[in-house]
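I've put the structures underneath this note.
Two complexes come next, and they have one chain in common, chain A, joined by chain B in the first and chain C in the second.
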Partner chain A sequence: MAEYIFRRLMKSLLTVFISIMLTFLIIRLMPADPVSLMVDPKLSPEVQEQMRKNFGLDKPIYTQFGIYLLNLLKGDLGYSFKTREPVITVLMQRLPWTILLMFTTLIMSLAIGLPVGITAAKRRNKLFDRVVNVLITLAISIFIPFISFAFLYLFGYRLGLLPTGGAYTPPPTQGFAYVLDVARHSVLPTITLFLGNSATVILYSRNSMIDVLKEDYIRTAFAKGWDDRYVTRKHALKNALIPTVTVTGLMIGSMMGGAIMTETIYAWPGVGRLIYDSVNAMDYPVLQGAFLMLSITVVAMNFITDLVVAKIDPRIRLSGGRA
Partner chain B sequence: MREVQGRQAPDDILIFDNYSAGYLDDDGHIINLLDSLSFSVKEGRALGIVGESGCGKSITGLSAIRLLSKQLVVQGGAIFLGNENLLEKTEREMQDIRGGKIAMIFQEPMTSLNPVLSVGFQIEEVLARHRPELSPDDRRSSAIELLREVGISAPEKRVEDYPHQFSGGMRQRVMIAMAIACHPLLLIADEPTTALDVTIQAQVLALMKRLKGRGSLMLITHNLGIIADLCEEVLVMYAGRIVEKADVETILKKPIHPYTQGLIASIPTLRGERQKFLYSIPGMVPAAKNFPSGCRFHPRCDRCMDLCRVEAPPLTKIRDGHSVRCHLYSGALS
Partner chain C sequence: MSKNRIVTFVSLLLLAAALQPLVAQKVGGDLVVGITGDPYNLATWISNDLNSSLVMNIALPSMMSIDESGNKVPYIIKDYKISSDAKVFTITLHDLKWHDGVPLTSEDLAFTSDYLVKYKLGYGADMFSNVDHYEIKDAHTIAFYLKKPQVNFLSQVGFWIDIVPKHIYEKVTDPNTFAYNGVGYGPYKLKSYKKGEYYQFERVSNWSLASSGKGPYLDTITFRVYPDPNALVLAMKSGEVQVSGSPLPVAAQKQLLADPNKFGVGKVTSLGFGYFGFSYKNAMLKDPVVRKAIAYTVDRDAIVNVAKQGGAIKMDTPVSPVYKDLVKSQIKYPPFDIAAAGKLLEDAGYKLDSKTGLRSKNGEPLEFELIYRTTTVNIDAIVNIFKANAEKAGIKINLKPVDPATYTDRVVKQRNFDINCIEWGVIDDADSSLGTIYRSDASLNFMDYKNATIDQLLDQSLTEPDYNKRVAIINKFQEEFVKELPVINAWVSINAYGYSKSYEGWDLTPGLYGFLDVKDIVNVYKK
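Right, the complex of A and B next:
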């Protein structure tokens, strides 16, 4: 097990390093000169040259990369072009909001998705399963802006039940009133994200459960005289959870920065919205930081997923190979 | 159901009485697979069921523990365990029988064990189900004892291991340990050695031979050699019907059904005249929806008569303990 963890960890670190390098290079490959974005082009060439020097842009690219790596280790991601704040500060302001949205969505998706998926698998082709299948197809194929605007129109405008945007009503209040206010604001974005994510969870848990129930060892368990409940719980569930765990890990990774559309439409102050704004403002350092955070999250989630799967499946745990 | 009470000889453990089963096709029609099976497994004896793939022998085994898949439906008859008709039992009552009074070993040892549970747990599970009086510690020591009994070395250590750490032959030993855990009256073994290498087959067979006699055995296989090794009585099945039923000696030395004769002739032999080609029965087993009319074997039979095409031959008793389903012997010719 220790060897397995070590190898996974090394692989993850390598992936992070490569993604740091890619993010670094992509920004350098952009046609626009960062200096011309930051300073008035009317400044004299000498001053512009001086600024390049200050930013280290006159040095060869591998030296720049070395400096960048060193700064990264110190947690220095550079400064936002737009607000002149350190990128790390900007990201840290936004991250809690995205995490809040992500965890509520995730917990709801798993708490509802898993039982629904498993029940659908056990009642395959019965009415319940058919209805679930139709709903999944709808939820996966629906266009997020469409459903979001529909929600906003209905609940925000027509019924006036829920706020139309933001994460709280400014100025922020204190204590319980604040929590309640944030909760009210998060209802629509959470439901929007829940639709797609729960559909994925249901799809995976249902399909893997159907496959597992066909396995020979399920028949063996029945041949021992156990009832359906026990066989499902003890023999089928653990095996069926393996693909679902993997897809949930991937989901978390992509949700960290992935809710761009949802956060933008509901004006939710998370990382997704930040990415959208930074693209518009050509705020490269912030984008670079956001992408970096995203890739680290994805890699970290993959690592954690591998550990969880190894915990469930002894074949992986002991052989060390096979991901 | 039928007038069965008290009808069977006292030493019959399991009796199939005119049992028929079929499968539901997509249109909701039932297509017959097993046609009026009547046979019995005697106490302490071994019955071999032999036939080609698709002849219904596995379904016969699964019928005895009522673990048929949903598409398969019982069309009639009865299956008795002692005096009780298994087909009239509730699912709950069947669960008490499965693994307790009747245990089953399956063909694929590689996939018949759950990969995420230790073999110890999977053996103890049978005990937990049928012998609730045992404490967890008792179950563990029983599991170790069972593993030792089926020839797994260092069972105290191996009991914690997972199926993928065992070879195919060892896994089949684990399956056997699970099956004999509660000393079943009847053990059904469905192709227990087919998926194994020849040398491993011999070891597993030797183990089954050693365990033989503790209860009755119903051995399902396509390998007559294994039957000769383990069984006293043989049932030859073809396309869902019993074609010949006799003691093992008769089946091997003096088979009278053309199909049984073909099967015996297709066993390679080291003695006698050297044959250039090994005999094989022409054609193949038909799928259930294409079962021929009359005798189901007639298209492949080299002694087929007009009658065989239209009328199914009855199971005719040749002498005590030897019956055959063939018009050559049904008296229809005279």
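Right, the complex of A and C next:
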């Protein structure tokens, strides 16, 4: 197991390094340099040159990369072109809001998605399964801005039950009132994210459960006279969970920065909206930092997922890798 | 004291006493403003973005404001004098205090000039670069001596550059990363904020330039960021936001106007304009006949009414119609007339191929690439109207939509294009500053257009202190310009801002901040 963990860790570090390099190069290889894009051409060449110096863009690209890597080791992601704050500060201001949204969505998706998926698998081709299939198709294919506006219009404007944007009503209150205010503001973005994510959980858990239920050892378990609940819990669930665990890990990675549309429409001050604002403002240091955080999250989630799966399925760690 | 004077004095006292309760009645209310972009930095001399300036204009008002005709007028400046050679500007500031109690003085203005140049900070560094030296006359008066005549020195500096607090910045050696706390000298002071979330300002009572010295009416003004304008409109309709600080698209305006008892939409023409520019590097576009023929094919009515859905006005003069004095001369571009375009080209030897519908001369077809940035509002509809009409005259137009990075690289840096289409955000002081676009050596002259007469006229407009004479110079410039046609100006966008009718006193003048312009927002009160 230790060797397995070591090998996965090395692979993860290599992936992060490649991702750092690619992100750095993609931004530098864009048609115009960041200062030309960001500043008004009306500014004199001297002022533009000073800005290049301020952002370290006057140096050769390999020197910039070396400085970037050295700073990265010290935890310094540079300064935002836009706000002139350290990128790490900017990211840390936004991260808690995204984590809040992410975990609420994740818990809801697993708590509702898993039982629904498993029940649908066990009642395959019956009414419940058919209804679930239709709902999954709808939820996966739904256009996020459309559903977000529909929710805002209905619950925010027509019914006036929920706020139309932000994470709280400014200025923030204190104590329980604040918690309640944040909870009210998080309802619509959470439900929006929940729709797509829970559909994925249902889909994976349903399909893998269907496959597992066809296995010989399940038939054998039933032949031994054990009841349905025991067989599902003890024999089927563990194996059926493997693909769901994998996809949940990936979901966390994508939700970390992938809730761009949702966070933007609901004016939620998370990392997704930060990415949207940074693209508009051409704030490359922040984009670089956000993508780095994203890649680390994805790699870390993959790593954790592999460990969890290896724990669930001993064949993986024994064979030294996954099929 | 004469009897009349006593009567006047007593009347004024009575009037002031009568007005007192009226002012007091209007004080109160918490206004929430929705904006579609997050301010970059509270220090506007660093950030160079509209949302920072918008939010901070109520705490750090510009020295100069804009009136209904687009002219700059004093605001924080009490008085000013310009020498006859446009080289000495004597400025007197109003007697105001920074929000931390330190008096605002001419020392602050002198410091602003030195500091922005020393650290090469944004526009300020360029705008103060013409200062040779200054002389502090008294606590509120300063004279700037310029290296060369520049009639718009004050209107540029006064409008674009906010005064830097000397007592805060004098020991700051890295202004780019310094965490400025938002201390200003305006009618509202920053109370609390969280970047990306909200900015709340509170009333400065007895701010001397509002309500006859009683200060603004609203207790607090809170800016909230709604990146999506449709979500912003829903926030207005649900009562969470009372006014849009950012312009609204036409569809969003209609949503508000569907409820006319509760909401209104104020409209004001932009200080910028949209245009089609020709690259003089292209041999065919260098031919004035081709440029004039293309000018004939520009259907401004269709651009304004169809592409912009009524959210713009026609611009058929070289100078924006916002500057009324400058367009009284009625010097106009060729009108929309496709037949005239065809005849002009035919007479100049550009023969029509009946099979392809295209014209050519000496085997060279009249075919051009039109590059535009996909992020410009309504741009696809605009360029398609342009293309369709040009092709009716036998000129093939190949559309080239690009992202902002590619556009900057091709048009701004390399100047490698045939025709470009874009909208200027702000072209202010049109009577003196057009040299920044059309002078042969101007950084914004992407066309590589060179004309010694135009250069001379634009230089004259920058150094002529008499306004009427400047208008005459600009008229001569316009006459020359419509003969040359290096660009074809086509539309001026109308900026529309929604507001709640539960507040009164709304007013709009051309400028950058809509209803939130400090000189206007101080008059807004809750019903």
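Keep in mind that, in the parts below, the second predicted complex is superposed on the first by the 296 of 323 C-alpha atoms of A that agree within 3 Å, B and C clash if a C-alpha of one lies under 4 Å from a C-alpha of the other, contacts with A are read in each partner's own complex, and residues count from 1 in each chain.
Heads up, the rule we're going with is that a contact is a pair of C-beta atoms (placed from the backbone, for glycine too) under 8 Å apart; a residue touches a chain by one contact, two chains touch by 3 or more.
Not measured: the values here are computed from a predicted model.
Novice: Pick one for A:K238: touches chain B only (first), chain C only (second), both, or neither.
Specialist: Only chain B; A:K238 stays clear of chain C.
Novice: Quick check on the superposed pair: does A:V187 touch chain B, chain C, both, or neither? Answer first, second, both or neither.
Specialist: The answer is neither, since A:V187 touches no partner chain.
Novice: If you tally the residues of chain A touched by each partner, is the higher count for chain B or for chain C?
Specialist: C
Novice: Of the two partner chains, chain B (first) and chain C (second), which one does A:I312 touch, if any: first, second, both, or neither?
Specialist: first
Novice: With the two structures laid over each other on chain A, which partner does A:L250 touch: chain B (first), chain C (second), both, or neither?
Specialist: Neither partner.
Novice: Using the touch definition from the top, say if A:L95 reaches chain B (first), chain C (second), both or neither.
Specialist: Neither chain B nor chain C is touched by A:L95.
Novice: After lining up the shared chain so the two structures overlap, which partner does A:P269 touch, if you call chain B first and chain C second: first, second, both or neither?
Specialist: In the superposition, A:P269 touches chain C alone.
Novice: In the superposed arrangement, does A:F222 touch chain B (first), chain C (second), both or neither?
Specialist: First partner only.
Novice: Touch test for A:I112: chain B only (first), chain C only (second), both, or neither?
Specialist: So A:I112 meets neither chain B nor chain C here.
Novice: Contact residues on chain A for chain B in the complex?
Specialist: These residues of chain A touch chain B: 215-217, 219-227, 234-235, 238-239, 312-315, 318-319.
Novice: Okay, in this complex, where on chain A does chain C touch?
Specialist: Spelled out, the residues of chain A in touch with chain C are 30-32, 36-37, 39-44, 46-47, 50, 54, 79, 82-85, 90, 93-94, 149, 152-153, 156-157, 160, 163-167, 169-172, 264-267, 269, 273-274, 276-277, 280-282.
Novice: Touching chain A in the complex: which residues of chain B?
Specialist: Contact set of chain B toward chain A: 65, 67, 91-92, 95-100, 103-104, 106, 108, 111-118, 122, 125-126, 129-130, 162, 164-165, 175, 178.
Novice: Using the touch rule from the top, collect the residues of chain C that touch chain A in their complex.
Specialist: 37-38, 40-41, 46-49, 120-123, 125-126, 129, 176-177, 191-192, 194-198, 200, 222, 224-228, 230-232, 234-235, 237-238, 240, 404-406, 408-410, 412-413, 436, 443-444
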